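Labels A, B, C and D are assigned to the chains in the order they are written; within every chain, residues are numbered from 1.
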Amino acid sequence: MTAATAEDRLAVGLIGAGRMGAFHAESLARRIPGARLAAIADPAPGAAGRLADRLGGPKPLTDIGALLAAPEVEAVVIATPARTHTDLVVAAAEAGKAVYCEKPMARTLAEADRAIDAARRAGVPLQIGFNRRYDRGFRAGHDLIASGGIGTPQLMRSLTRDPKLADPARVPPWTIFRETLIHDFDALRWLNPKAAPVEVFAMADALVRPDFKEEGLLDTAVVTIRFDNGAMATAEANFQAVYGYDVRAEVFGSAGMITLGEIRRTHMTAYGPEGAAAACVTYDQDLFHDAYVAELADFTDCVRTGRTPATTGTDARAALTMALAAIRSVTAGRAVRIDEVA
Amino acid sequence: MTAATAEDRLAVGLIGAGRMGAFHAESLARRIPGARLAAIADPAPGAAGRLADRLGGPKPLTDIGALLAAPEVEAVVIATPARTHTDLVVAAAEAGKAVYCEKPMARTLAEADRAIDAARRAGVPLQIGFNRRYDRGFRAGHDLIASGGIGTPQLMRSLTRDPKLADPARVPPWTIFRETLIHDFDALRWLNPKAAPVEVFAMADALVRPDFKEEGLLDTAVVTIRFDNGAMATAEANFQAVYGYDVRAEVFGSAGMITLGEIRRTHMTAYGPEGAAAACVTYDQDLFHDAYVAELADFTDCVRTGRTPATTGTDARAALTMALAAIRSVTAGRAVRIDEVA
Amino acid sequence: MTAATAEDRLAVGLIGAGRMGAFHAESLARRIPGARLAAIADPAPGAAGRLADRLGGPKPLTDIGALLAAPEVEAVVIATPARTHTDLVVAAAEAGKAVYCEKPMARTLAEADRAIDAARRAGVPLQIGFNRRYDRGFRAGHDLIASGGIGTPQLMRSLTRDPKLADPARVPPWTIFRETLIHDFDALRWLNPKAAPVEVFAMADALVRPDFKEEGLLDTAVVTIRFDNGAMATAEANFQAVYGYDVRAEVFGSAGMITLGEIRRTHMTAYGPEGAAAACVTYDQDLFHDAYVAELADFTDCVRTGRTPATTGTDARAALTMALAAIRSVTAGRAVRIDEVA
Amino acid sequence: MTAATAEDRLAVGLIGAGRMGAFHAESLARRIPGARLAAIADPAPGAAGRLADRLGGPKPLTDIGALLAAPEVEAVVIATPARTHTDLVVAAAEAGKAVYCEKPMARTLAEADRAIDAARRAGVPLQIGFNRRYDRGFRAGHDLIASGGIGTPQLMRSLTRDPKLADPARVPPWTIFRETLIHDFDALRWLNPKAAPVEVFAMADALVRPDFKEEGLLDTAVVTIRFDNGAMATAEANFQAVYGYDVRAEVFGSAGMITLGEIRRTHMTAYGPEGAAAACVTYDQDLFHDAYVAELADFTDCVRTGRTPATTGTDARAALTMALAAIRSVTAGRAVRIDEVA
């Protein structure tokens, strides 16, 4: 690694100063040697300013267009609400910026194609925030599978359980598939690297907050996916795990099995009259702290070196396809082939 | 407990001197204070004799009818091949014997009803070998759930992975549902004690031995089950886990989660240049040794006291219904409601 | 294995109908095919009778001499208070009985020699109850070490923590060394099979019940032991672990390490708002159930076949030597060489 | 947190550009918002320059005096060989710099006093690198103990096993006590916060490389420590653990127990025909990555706010006293009271 002066660090503009944006802002400002946080844009009055103040340096903006128009900004990180992602990816690409976008990149295949095409036409890198691929344990699992270490995958499982459903009224329809399970869909594709999904069957319901079911809330779901190498996978999600933030996976193959995931917050176990006890992880930025940093560091490196990102728009489209098939499966009450929605 | 002399111990006749029969024979002869092994019947020449010799006492027979006709035999344990179970349950009940039958009790609902009716008419206890209910850890999990300790179940999982598919040519069709996953179906019902299954979706294939798929082999399956309290369950099975015999379950509820299952053979962990290593369980009679004894001990006690067994013919019928729905789901390629097959 | 009729089962007489005696009685009566419980002797009025009643068969006696004189009794199991062990071993051996004796076999080296000599002169087997050697995980650890799997032991640890100090007034002096740590001393010798202890340094105190320190109570102790292959071992004990019954060991060698011990009662883990929780083992007859049975089964087999028991009087003497060195170390406040006490 | 511009970030000079120095350099340059790496000094030609180049900014020096004389340097981090620590602490303090020094701060009590006095006279903060106090799990353990969560400590254990003894010829005498176990001595004091050590007994040998024993190598040691609240602690160390870098602790108290330490490198477990396997941590900068950053971040904050560091020169002196008592114990072959060496 050679010296990175302020001049040769990648100048990144952050769009969206919310919870995840704030984390990425700190990473860009401090944790990633090759990057610097040049500007922050958030339409909410004061949001960008407060974050910029804290980080001492980046230019705060309320006008996203101004950020995209800034010539010194070489790349953008999009951490806004999901519904805005596609348009921002397109606008950023058209402005010639390298693009990192939080999942989901798109809500429809048309949107996905628009985003992918925009990046392709502009010749800019496009990376999507499937952070599990940057988690050290998940990465070790992937590498073992990719090297043939467990033979051919036959049974798979991936799950996401969020710790708390804060405001059910603000959960857009199908969020559990498009924003939550999209992680599991990507993880399953990545952990079965030589295969493609062919069929999906999904169940979903409002079990945490049945009182919001009529408003369209689905807070619990199980999806089974068939892959073209025969593997059968299960993805499950729930929006309220009282014990914490729970992300795990398991891949069983013809020559072995791996389990992935860490629920414990630290290595301390306490023993008392009630038995043995350990604290659980309750926050994604705790569990995936290093992965969140690593994905932006890798993005920075991809932009600099021209290397293709590990999680592209095409990956986002493939995971979206699985989500759409799952949604149609719930609506239709039957298994749905991927090629019905693709 | 008062003294159990030979006279007041329950005189049990064993039908079937195979692998599982031999285990039960030892339990009855030695491990269960309230029982004694009075006779062993197996049509295979010499089978009952060899086992009886080893246990020093029970009368060996090749004629099952002779065992059922023996007046001193108060109860029978049926450990023959699955296809013979129903007829033997009926015959034993009609002979007035209390009946313990290995799973599956029946292959069709008509068979199930025949067995249940026979026991009812004869007024004899009928217990089925769902041994997980007698495993200490599974039992602790059930009890916690039943007491409300994790709230209402929302997501469930149960799995069975056998260590070795020895002879794919000798696996009857649908075995994975009727003989393997039947355990998981029962476990899921038992771990969601206030609910009933309503719908099933199943996938199955010959992934271990695709060369036997044309003969009807299914060695890998995933089944999702919807319960009437909203819970979504997954049951999965595979006939060849190279690492061992793997039986686990997980129940996630509105107020907590439990995980069940032990893959490690002992408490020893060995650390070397390759990392940390632990041996796995490879044999069901190892993992479930105590549960296999406990279920027969409980049967013995039920017969003596008139208490209803914990796993009745009705439980077997309910699990069978789930298996039949799963089979139809595979055949029809769609979700199947339990009331379609019940 | 051939048939064991009542005649050719080993006729064992139990001496001592207390907590441990009751367990062994059940094992002899029911769990060990090759043995039968012929008689029970306990001087406490009614004790032998109640136990014999429960097991339906053995002859209850209050006179230990009568049991030793009974010609049909081939072997005895001694499960009386520690102070009586040596005399009973000698008397039993002189009566020509094979002898299984709970630890400790002796409280002094003179006693140990008396016991060993008596057995040698009588030509009877003498086995001591070092049950850890019969625990499956400990056994696996020993076997790995003995096969060279971790190279030469360099650092060792063994610990015993009892769950509850019920009555400090009834704990004889030096119990923690002679009755508790004696297990750890034996375990350390066994887990370092090619070496002998050479020096001991011990600390001990009444930390659980300091109010009984003046009466001589020692309820907490740490002993370090140097072996002649360089290995340095720690043995520690405490009489009141609020979380349960805790027995573990660790051996670190030139080519690897093993850890031994299981604190969890079952394989269930429960997750709730407080984190992850598991129940602990609280009772020795729970943790070592199978080991307690296995040691008597092996004794039975040794008597029948003439094979030398795995834990002999010589082993008991060697462990006692370590205990005596530890006691002298506490008294003298210095390290004590084994050859000072041997 | 308010904005930290280059001007108000703490200007830190690093002394020593070796393995640990390089890590701290990266932390100061990139990972700690409140600090900046102003200069690097290392007498080895090119060492400071190469590191400075990589980090793009700090001034490289071969003259440590020049660094100490630089007025813009507000604080120094000392990461040179142990024998130079005291003189550098004194020189830095006298130059008015806040001082962070890697353990050990001193090799004798006279040295320790010199260092402490220099810092006191100069009125500068002095922090020593006992990184375990900044590890999240160790911290959780400490906090539970400090809050009374396990009652009064009675039995304690702390261990350090390094993965590889690269060059036994270059290990200064008594390194295992002064540089390795010093961590455990500090950890034990910190985990028994209301008590002080009173007596030490130590064993040590060259078991990894007996061929270097004559040169004074000691690569394996066990130390038992008595505290004035009765607690008995064991500290053990070894220079070559083939399976990795192993740092653990255990504290058993009157009301509970905690275990601390993580040997696994990631959360992946792989299951195959040989059983279950997990990779181990093999590198201190992997296991303690976050703790190493946290201690410097805390140092930065202490300098800025005037808060006293968590690990002061007084702590280093106390741990040194334990090391000196252990050394004398080895030399004298007896237990040594702390007040003999203090």
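Everything that follows uses one rule, which is that a residue touches a chain if its C-beta (ideal position, glycine included) is under 8 Å from a C-beta of that chain, and two chains touch if they have at least 3 such contacts.
This is a predicted model, so every value here is computed, not measured.
Trainee: Suppose chain centres are the mean of their C-alpha atoms. Which chain sits farthest from chain D?
Mentor: B
Trainee: Report which of B-C and A-C is connected by more C-beta pairs in contact.
Mentor: Output for the comparison: B-C.
Trainee: Can you check how far apart chain B and chain C are, centre to centre, with Cα atoms defining each centre and the answer in Å?
Mentor: Result: the chain centres lie 38 Å from each other.
Trainee: From the mean C-alpha coordinate of chain A to that of chain C, what's the distance rounded to whole Å?
Mentor: Here the centre of chain C sits 56 Å away from the centre of chain A.
Trainee: Of all residues in chain A, which are in touch with two or more distinct other chains?
Mentor: 242-243, 255-257, 265, 271-273, 279
Trainee: Please name which positions on chain A make contact with chain B in the complex.
Mentor: Those residues of chain A that touch chain B are 152, 154-155, 157, 161, 201, 203, 205, 207-208, 210, 220-222, 224, 226, 230-232, 234, 236, 238, 240-243, 246, 252, 254-257, 333-335.
Trainee: Tell me, which parts of chain A touch chain C in their complex?
Mentor: 242-244, 263-265, 271-280
Trainee: Using the touch rule from the top, collect the residues of chain D that touch chain A in their complex.
Mentor: Contacts found on chain D: 1-5, 29-31, 33, 53-57, 136-138, 140-141, 144, 149-150, 255-262, 265-273, 279.
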